[in-house]
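Report on one structure; see the data block that follows.
In order of appearance the chains are A, B and C, and numbering begins at 1 in each one.
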Amino acid sequence: MPTRPRWTWLARFTGTLAAGALMVYVAFRLDEGDLPMYTRMGLAAIVAVGLSLLMGFAGQISLGQGAFYALGAYTTGILSVGLRPADRLVNPEAAWDPLVALAAAPILTGAVAAVVGVPLLRLRGHYLAFATLALHLILLAALFAEDRFTGGQDPGLVGIPQLEVRGHVIEHARLAAVVWGIVALSVIMAVNLVGSRAGRALQAIATSEATAAAAGINVAMYKLRLFVLAAGLAGLAGGLFSYYLLFLSPDAFPLITSITFVVMVAVGGMGSVYGAVVGAIAITYLEDKLRELGTREQLLGFDLPVQAPQVFSIGVFGAILIVVMLFAPRGLLPSVQIATRAVARRLRRRTQAASGAA
Amino acid sequence: MEVDDLVVQYGPAVAVDGVSLELAAGERVALIGPNGAGKSSLLNALCGLVKPAAGSVRIDGRNVTGQSPGAIVRLGVTQVPEGRQVFPTLPVEANLLLGAYGRDFRREPVSATIRYVRRRGQIQQRLDRVYTLLPALRELRNRPAGQTSGGEQQMVAIGRALMAEPRLLAIDELSLGLAPVVVQALSEFLLKLNADEGVAILLVEQNALLAFELCERAYVLEAGRIALEGTSAELGENERVHAAYLGGLEVEA
Amino acid sequence: MTLPQLVLAVAEADVRTLLQTLVVGLSTGSAFALVGISFVLIFRTTGIINFAQGAFAVMGGLFTVGLVDDLPTWLAATIAVVVVGLIGAVFGFIAMGFRGRTTSLASLIITLGIALLVSSLELLAFGDRPHNYPGISESSWTVWDVVINPQYALVAGVTILAALLLTLLLRKTIVGNALVACADQVRAAELVGINVRSVTMIAFAVSAALSALGWVLLTPVTSVNYDSDVAIAVNGFAAAAFGGLVSIRLAYLGGLLLGIAEQLVVVYGDRVTDQARQYELAAALIVILLLIGWRSRHEVEPA
């Protein structure tokens, strides 16, 4: 891959800044009713960016981003509520400053990822896939079981204070704006990473691990870093989530959450940071629509069963994964790019042939 | 076999760029050239492993371009692949039998197995013939193919290819990784096979000397194109060939 | 829960409970072993890890549930296993994707998608309650003061037979040999004329049938639900990982060990924490992680 000239980088940077500013602005202009979904789209985008890098460059699938998300959320939640595990009492004196609690989330998830990732990333992709799946399941079990710490399922972790920065309460529109601001920052950071020297190493790894290793690149270390980065981003998003919901329960983080993130990246594009954001937006929207569709009593004359909402999401996501992986394996956005480039090349060749250059 | 203007590419990289060659029944032809010249790609395209981007391959006048390897085998062309590629965990005899099984395979395993079982008698005869031609294999028949030496594996690979009763045997890098003594023995065997059974041979080789000894004609492939062609005798004298592949023409005193 | 604590807890228990736990563990382990073998079979032949393996198992159980009202149990079970085998072949075809275009990682995601799709259809057809059906016998055996449900014996026995039969088929029949050939050297197998795609479909069919068999036999003592497939898949993968994803024998052993370990955690774990049942799965998973960590120090897998 040729190194990008300076001005493309600048164009991307300003473009992303502008888009980010736009999204932040939109946050303030939306109706109250649309804000929740908008916020959730942003949160998903943060996770998706990290996962997209991992899947696109390290070629590894993490089915546990939902676990890091949950871990981040609970870390922030517990720290900011202040718990004395001995008597299960909410103890505001033990509470941390919300901003610090938020910062703790990505640090913790990153650390966990580092520990888990060291043995796993040296192996082929499916080991990590299952292990991260396992991680999510174990975490769920722990969240349900250790209800002295987490509040379990009932009543859950209640009373999370709102995020306050220097006296300003960050909620609703402001929270959405903050979330999207962080999305923009994550995208910029990711794009920077891809364009940097480390990014070139990552490209090499993505093309062929064997060649990259032969060229002296420490493949395992790069993969680990991407995994930790993805986990950190997911943890950060999780922390923000707890300030959005102000209440936590293990029911909020079912296994399908992890899978949904994978769907977002698969659709939007592995390795394509912008694609990941688009994927996050699209899938969050789809998810909402499916749920809405499923809670209706009837559809097209058929009586819908009680479980319809879940059926729709699970089934539709499954179908999407199959179709996308078969026909657009690099994700929809990149596939469109590749397709247009191929068409352009063929046109060019045809005009060359026509002008007798063959 | 006739090949016309064949083009093979992997994505944007062109491995074979418009190659034409031909081979008559019972001939021994070699394909030499440096590493990466596209010899293996050419062979793989001929044997149906890779679909060519352009050009055609004909066997007995019949266009077989892009057909499956199984179809090519049924038309009488089998390949002894580079690096032997025997099935390591299976005993030698199983390797050989698979050569016969594969020939009648067609679409799916159930009918293939039925056909195989019905022709058991014939296949057993073929097996005995191969053991006669390559007696060393009879000794090794129950040993896992992965536990045999390089030379023995090459014999297994050739035997496996012969189980399909080919009229043309395509061999990719006969001498790779083998001791000269072993290569010599194999070489003699192939000459005898060609003389007695009339099996044509298409040999892809880096070792040009071996190629000229074994084959009557040769093509020189460089960067995906035929650079030279002719009889082994002619090419053996050719200066360029000597310089590149035979270590320089000795100046006559 | 630390190892010394576990050992202590085990030592304190009476032998009866221990034996009982072992029996249950062996039979759940047998079912896991079958799933693990299925993983190995598909992985060796195609390099694909089939996420939907758990879904095959669950399909077996649920189909039997659906048929058992109208047919004798053994017939329902047999039909279910065969049908799942056929469905497995179809899914395998889909998962293999387009030759050259579909990477093995993409195939993994496709199998994940298949598992999700199957899960949702099962939910639609069977609802979200766990299902069950009667097993081989209502009464239990009493051996050495230990009460054993004969179903457990059935599972373990059939499983061993199935595994042996599979190994035999692979080694002695020509089709089995062809399968192994495709697993070891796919290019050479193609060159010889074997249609690798169709052979891999057989691998998928056999795998699906095996997983279904294990679970069909186990359901009477466990129950089956539309979302059981994740736990089954993870356990099966752990068993397969024990064999490095390539050894059938080790996968079988791994499955048994896993089953026993899980049961030990469930039965004795509540000395340590009263939520032990929740950690049943955690036991499996810690085992995988440990195994993998240990393995990666001794091997470097090719990319």
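By definition in this document, contacts are C-beta pairs under 8 Å (C-beta built on N, C-alpha and C of every residue); 3 or more make two chains touch, one makes a residue touch a chain.
Just so we're clear, the structure is a prediction, and the values are computed from it rather than from any experiment.
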Innermost chain by mean C-alpha position: C
Remotest chain, chain A as reference, centres from CA atoms: B
Separation of mean Cα positions, chain C and chain A [Å, integer]: 31
Centre-to-centre distance between chain B and chain A (centres being mean Cα positions), rounded to whole Å: 51
Gap in Å, rounded to a whole number, between the CA centres of chain C and chain B: 43
Sites on chain C at which at least two other chains make contact: none
Sites on chain A touched by chain C in the complex: 59, 61, 63, 116, 118-120, 122-127, 129-131, 133-135, 137-138, 141-142, 144-146, 208-210, 255, 259, 262, 266, 305, 307, 310-312, 314-315, 317-322, 325-326, 329
Residues of chain C defined as touching chain B within the complex: 173-175, 177-178, 180-181, 184-185, 187-195, 198-199, 201-202
Chain C partner contacts - residues on chain B that touch it in the complex: 47, 49, 68-70, 73-74, 78-79, 81, 85-90, 94, 97-99, 101-109, 113, 116, 160, 164
In the complex, chain C residues that touch chain A: 49, 51, 94, 97-98, 101-110, 112-121, 123-124, 127-128, 230-231, 233-234, 237-238, 241, 273, 275, 278-279, 281-282, 284-286, 288-289, 292-293, 295-297, 300-303
